[in-house]
Structures are given as structure tokens and as C-alpha cells.
Amino acid sequence: MNSKEPVLSVSNLSFSYPDRSLVLKDLNLIVWPGERVGIIGPNGAGKTTFFMLICGVLKTTSGEIRLFGKPVVPGEFHPEVGMVFQNPDDQLFCPSVRDDVAFGPRNLGLPEEEVEARVREAFAVTGMQELGDYPPHHLSGGQKRMAAIAGVLAMRPRLVIYDEPTSNLDIRYRRRLIHFLRGARETMLIASHDLEFILEVCDRVILIDEGRIVADAKPREVMGNAALMEAHGLERPHSLVPHAEPHHN
Amino acid sequence: MNSKEPVLSVSNLSFSYPDRSLVLKDLNLIVWPGERVGIIGPNGAGKTTFFMLICGVLKTTSGEIRLFGKPVVPGEFHPEVGMVFQNPDDQLFCPSVRDDVAFGPRNLGLPEEEVEARVREAFAVTGMQELGDYPPHHLSGGQKRMAAIAGVLAMRPRLVIYDEPTSNLDIRYRRRLIHFLRGARETMLIASHDLEFILEVCDRVILIDEGRIVADAKPREVMGNAALMEAHGLERPHSLVPHAEPHHN
Amino acid sequence: MKLQLDEYAYLNTPLHRWDPRYKLISFMVLIFAFSFVHSLYLLPGMVAVSGTLYIVSSLPLSFLLARLRLPGFFLLMMAVLLPFLSGQNALFYLGPLAVKQEGCLDLLLISVKFLCILTLVIILFGTTPFLTNIKAMRALGLSSILADMILFSYRYLYDIGDKLKTMETAMKLRGFLRRNLKSLGTLASLAGTILVRSYEQSDRVYKAMILRGYGQAGGTRSGPRRDEFQAYPRDLAGLLVLVFIAVAFVVAEICLR
Amino acid sequence: MHIPDGVLPTAVCLGGYATAGAATWFSLRKISQKENPREGIPKASLLTAAFLVASWIHIPVPPASVHLVLNGLLGVVLGYYAFPAILIGLFFQAVMFQHGGLTTLGVNATVMGVPALLAYYLFRLRNIFGKDNRVGTGLFAFLAGAGGIGLAAVTVFVLLVTTIPAHMDVEAERASIYALTLAHIPVMIIEGVFTAVLALFLQRVKPELLEGDS
């Protein structure tokens, strides 16, 4: 997998909000194609801020971010990168689900048949076909999340960023999402407080606290380390406590 | 505990929305003082609707709900009942956290010293003292949730209803909430998709699916029953799978 | 919150099948022709035209009646004032007040025109999904800034309406009763919170939009292209029929003056 | 408050569309001069929806309750976006709630929107006292709120009374305009107070929202 150039490379990144200094402090990180990187850490650790910087929505205070070898220019649009926001309400801004999914491909300037095809494909992946004509605000929480994901996938990004994808999902939808993510081929960054979910989906975990990367290793190594987890206000997930009876195949 | 009159008694309750019939079907339920009742079930099961009916926000289609022996009259105010909404933003509408917490006691017509005392007490319980002068929309998700809880507690309700209290909370805040709820003396109804949380806090669990009560028993009985849980799109929580190493004292 | 303007837009009648762009133009022309009418002799014709269209649309009568409630107040106010204020020739006396002939005729004219135009508006927006109508307006050349604003506001109207309802509930649960003017301050902070939350949400929405290429290749257009609509000769025929009727009313009005 | 269909002569309706078109053009030009117009669209749309919703809050005026129009406040908060916002808000009200009308959309938008723009200019005068002065903000917000609705009301009455009853004599016309205007003074006071309280709330919680043009 490491044969090609990195998808994302971050060097010496620091960031301050006007009224809050050094939310991120000297971050270094390289993500390779096909990796599924989980990002964990307490509320206010800086996860969302980090994602906004990667997308060029916020401007770095110092340091550099490169996507697919090219430096990120704030305010510029990067069709290779898709982001699913923490709150799907922020992301579903069109009056119908179908319009929302078509929004991105249309902005790419694709011809109408190609837009159609993309929408159909994204619907098929997320299982949203029947809900296409619904207004997004009539959907349940789980369906909204799936619609937001469909909207991002329709742009065929090579890197997808998910910010807390399981919050407000019931267990049925959560399982569907796990299933779908494990089958996907894009590179992913996933921030979540749901550690069991990270454990099931990711092949690498980064622990952030107070704007610093505290650990970066295989999920079982980071999250199985009870001392490390507790030092950063987290807990070892239940499934990493040794069990008498196996319960995942 | 069963010595006194029930806090809540629901008999043959059914409910339909104008455009969606029988969201709740023939519910029967009695809750005794001091009970901590967890309510679980998939998205759209009817949990929030049930809470709205108890508070008299919605009007029952048929059947009866009694609180502390008196029938619930829709639109009437019940100071004995407090509700923490699924989304704390819906609940925080004053310019500062302190004003927000004082809002309820002021509406009760209490003298200003008493209002003060209530606010101080609610702050102490939730640990919000330092944030009193902040505007609620500058708080983080977890702090907003705690502020909403403080506002409800300041009214000293005898029955408190929590709708998804842990969604968007990080593990630190979640643990603090568990701690606080386990120490509280009020009767509680708690709806949540976080089954581990329900397991730690409640002494009784009700499983609702498609508007019907499917199970009503001790948490370990309901949630430990893998067949029952899976039949209703749920999963047995990890901590109920037999363990080799104890991890809760 | 339910507005259910396009509750019956799924029905299948000639009016429902009509290309929304042609329907929009035809109805607007007819509506303006109706508003031009002043002659009492043309009123039966107006009632006949709008009544026929309503029957063709297959919308239930209750749908129309439910929508009359709010504007009904305005009519009531006119009914109370006009017959007494307008004109010289008293028809009869109600105690000391003279009920004047001209006033009554004014009232008749205004109410009939009002009802007929209202019926047309309800057919226009009741037989096409609202969004399709906005898309048709854009296809007809409505400024894309305005069209985008309409689409986004429509989208958030429901959202914010639901928020308001939930917040009012939360206030009531904490003992807030709007009994007197003293609650003005609390209601103002309720409205203020709605504004602040919408403003902050708009910031996040904007970020989500640029991440999906808003304002890139396709300009500010977020909706459909012109080729979403397809017109057939029967769409044009419908347009010609309604425009002909509209012209007939205008000509008749001018001749009768 | 909004004039329904079928009441005004066609010439007045078309005139209304002309003035509304001019005001919209003026506003959009000011907007494109000032800031990134792309950024303004989601902001203005969300606030348009929020204002429409806020105007559904009913204010208890014993023994009844009233809904506010809030056009003065709209000017105070939205600045040059106020006119397009009012145009769209009235369009929704006309087609969804049959409040106002399609032929009279231009007239209604002019009647509500021009006072909103004036209220915006009036509110900017608070800078005499400095942006953080609460007395200045409260005072000018009251004037903007009361003036916005007052001006709109008087214009509506003049339009209605002079155009509808074709057979009314001048004397009676003038008398009824005065009467209707006087009857509206309590409404003006309530709108003014509400706008002032709300502006003070915003100044405390989210001062950016009051800057309208920034």
C-alpha cells in the first residue's frame, strides 16, 4: 500500500483561533492510500478543527498540509476530498435528498447524464433510493446521516473524512455503516467517541489530546492500553477486555 | 419502594400523529417512586413521542396517563416533571447559563434569594459554576448538555425525563453523568441508544419497538437476552458477554 | 409543522401533467387579467373560468376552504367597513348607519375577484410540487441569487419552525406562561435565540457548501438545468387557451368601460 | 397587514412590481459591492426563514394576542439583504398561507421593505453613541422597530383607502386614514419595544448580527 505517494502529509502544523491560541500544536502525520485512520480524543481536543484545516476551510497558522502531493490552498475547492460533517443538518441544505446528492456533481460541471449516474450509484451504495424525493428534514437521524454520506460519495472523493458518523444512530444503522465502511476502498479519516466502532472499522488509530498527537499505532495497541487511555480521559473499550466467550466472527 | 402511590401510571395508551397512525399502541406501564427506568428501542420506535405525551405536550388519542395520581391535562404545566430534550440547543434560550438555570425557579414565582439558592445548588451538582456567565452557544456539546440538566434540576422535579442524554458526550462527561445519575434520588425515565450507559444507571429496562412495549424487566435480563435484542434490531452490550477479567469494581 | 401546500401534487390530471413553466406563465397572465377587471358583468365569467379549472384539477373542495380561513378575516373587515363608508345612495338603514349601494357593489367586486384569484393561485401551487415551481421560475429567468435564496429558505423554514415549536415546549415545561406583556422580554430572547442559532448554522452550512464545490464550474447554480423540463405541443396549446381567455377578459373590460 | 389579491387596481400592482424590482436591484448591487455574495446567500436565506418563523411567535396583548411583522428588525439585522428577504418572505406567505397575494407581491414588498431599509439607516445612527452603548442601541432599535411598522402601516392605509372604494369622498378618506393610523399606535409601541429588547439581546450574545453591513 505504501508504494504510492501519500494521500495526506501534515508537517509541523499549528493552529490558533482568533480568541483561542494553539488549538493544534505542531502536528506531524502521513496517511497512505487505502488507510482507514481513526482519530480519537476528548471533546475540544481539536479533531474538527484539524479536519477543517485539511479541507482548506480554515487557514493554518504555521506548518504545511499537502493533499496528493499538492499544498492545500485555503478557500480553494478540492474535489478529491469529501467531508461528512458532525451534524448532518449542516450538510443537507437542498430541499430534496436527490437535489442534495446531485449538488456536488453539478458543481463539478458534469453533464446531466453523468450527474444522474452518480446520484444513482450513491443511492445504491447507501440504500437511499426510495427516499430520494423526501425533504431531508423529514428523515430520521440515521437516514439523514446516510443521505449526507451519499452526497459526499457522489463526488467520488479519494479521501473521505467522517466527523462523528455514529452519533444519534441506532444500532441497526450503526451496523450498516460499519458494514459499508469496511467494504469501501477510499482512504478515510474517522473521528469518533464510539471506540468500539473505531475498533471495528479502522486499521490505524491516532489519539489527540489538547491539540497534540499522543499516540499513533494499530487500534488494539492504542485502545488496549488502559493506562494510556485513562491518562487522556478515555476508557478501554469493553471488547478489548479479555473475554471468556468469543462473540465476533 | 412500592409503598407509595405510583409516580406514573399509563393505561391503554395509543397515539397517532395526523399523518402517521398508531405511533404508540396500547401501552401499559406503572413507575414507582425512586425507580430509574431505561427505555430502549430503535430509531423511530416512539420514545420521544411517549415522553411528549407524559409531559402533556401532545394529546393522547386514547387511553390515560396519570402523574402522581392526577390525570395529565395537555397544555397544563406540571412543575413535578422535568425533561431534558434530545437536543440541548432546544432548551437553552437565555443570554447566559445562569439566567437559563434561573428561568424555571423564577417562573415558579419563588423569591429571589430562593432562586439564587436553587441556581447555586444546580451548579454544584453539575459542576457548572465557572461557566455561569457564558452564553450557552459558546459552550461545547458536553457543557451544553450539563447546562440543560442544571436548568431542569433547579426546578426540583420529582420525575426527570432524559432523552438521549449521552449523545455527543465524550467519555469523561459521560462518566460524570453516570456518576451523578446513580447518586440522584428522583424517579427517572431515560431513553438512550447507549446500552452500556443504561446498564450502569438503570434498575429497570423497557424495550419499545414499533410503538409497543416488548419487554419490561431488570436490565441484565432484557439486555442479556441476545435473541430478544437481535429480534428488535439491537445488540447485547459487550459488558454482558461473560468476561475473564473483572473491570468494574 | 405542516404547510402541506403540495399535498395533492401527486394527482394525475391535465393540470398536473402540464409543463410547470407553461402553467406558471398561463396562470400569471390570467391572474393579472382578472385583477384588471372592474366590470360587474364579467364576474360570472371569472367564477366560471376559475371554477372549471378547479374542477379539472381534482383538488378537494375542503382544500380550498381550509385555505380561505386566514384571508377570510380581511374580507370580513372589508364587509364591515365598505358598505358604510363608500358611496352616497343609501340602500337601507341599520339603526343610524346607512348601508350604501356603491359600497355593497364595491364589496361584491372585490370579494369575487379575490376569491377567483385565490382559487387560481391554489390550483397553480396545488398541482405542482413547490420545488418544481421554483425550478420552473429559474428556468424562466428568475435571478439565480433570488432562486437560490428561495430554495434554501424553503428548506430551512420547516427546520426552524420545528425548532421554534420545540423551544416553546421547553419553556412551557419550565413553567413559562405567556399571560401578559411582561413575557415580552422572554419572547424576545426566544426570537433572538432562533436568529442566533440560524446565523451560526448558516456559517457551517456555507462551509459544507464550498466543500462540495458551491460557486465552482457551474457558478452559483445549485439546482436543475433548463433541460429538466420538456414541453410538448399540448403544453403550448394549454398556454394559448388560457392566454386567449385572459385577452378576452381584458378586451371585454375595455369595451364595457 | 398584507394586501391580498383582487383589491388593488392592476396599475398599482404593476407599479408595485416596478418599485420592488428597482429596490431589489439596488440591494443586490449593494450586496455584490460589499462582500462575497456567495457567502451571503446561505446566511440571508437562513435568516429569512428565521424571521418568518419569528413572526409566528404570538405576543400576548390581553385579552388577545398578536403576531409581529418585524420589518424594522429585519432591516436592523440584515441591512441590504432585508429587501430580498422581505420579498421572499412575502412570497412564501402569499402562496403558503394566503396571507397577501401574488399580484400584490410587489406592492407589499415595497410597503414593507422600503421602511426596513430606512430602519436600517436609522439604526446605524446608534454609532453616534458608540457601538457598545446599550442606551443608544435600545433607543435606535425602538425607533427602527416602531418606525418600520408605522411607515408600512400608514402606506398600506393610504393605498387601500384611496384606491378601493372608488366612491368615497375625500373627507371620509382622510378621516379613516387618521383613525386607522391612530389605532395602530399600540402595535407600533409593541414592535418597537420588542425590537429594542431583541437588539439588546443580540448585542449581548452575538453582536456581529447587528452590524448588518459587515
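Think of it as A, B, C and D in the order they're written, each chain with its own count starting at 1.
Keep this in mind: a contact is a pair of C-beta atoms (placed from the backbone, for glycine too) under 8 Å apart; a residue touches a chain by one contact, two chains touch by 3 or more.
Keep in mind it's a predicted model, so treat the numbers as computed, not measured.
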| remark: Interface with most residue-pair contacts lies between C-D
| query | What is the distance in Å between the mean C-alpha positions of subunit C and subunit D? | reply | 19
| request: Please work out the Cα centroid separation of subunit B and subunit C, and write it as a whole number of Å. | output: 42
| remark: Expressed in whole Å, how far the mean CA point of subunit A lies from that of subunit B is 30
| field | subunit B residues counted as touching two or more neighbouring chains | value | 95, 137
| remark: Residues of subunit D that touch two or more other chains sit at 42, 201, 205-206
| task | Two or more other chains in contact with one residue: find those residues in subunit C. | result | 151-152, 154-155, 159, 163, 189-190, 192, 196, 200-201, 205, 209-210, 214-215
| Touch relationships between chains, expressed as pairs | A-B, A-C, B-C, B-D, C-D
| Residue numbers on subunit D that touch subunit C, as the complex places them | 4-10, 13, 24, 28, 37-39, 41-54, 56-62, 65, 77, 84-85, 87-89, 91-92, 94-99, 101-103, 164-168, 172, 176, 190, 193-194, 197-198, 201-202, 205-206, 208-209
| task | Could you please specify the touching residues of subunit C with respect to subunit A in the complex? | result | 131, 151-152, 154-155, 158-159, 162, 201, 204-205, 207-218, 221-225, 227-228
| field | Residues on subunit B engaged by subunit D in the complex (per definition of touch) | value | 95, 135, 137
| task | Sort out for me which residues of subunit A touch subunit B in the complex. | result | 42-44, 140-142, 164, 167-173, 175, 193, 195-196, 233-239, 241-245, 247
| field | Contact set on subunit C toward subunit B in their complex | value | 2, 163, 166-167, 169-177, 189-190, 192-193, 196-197, 200
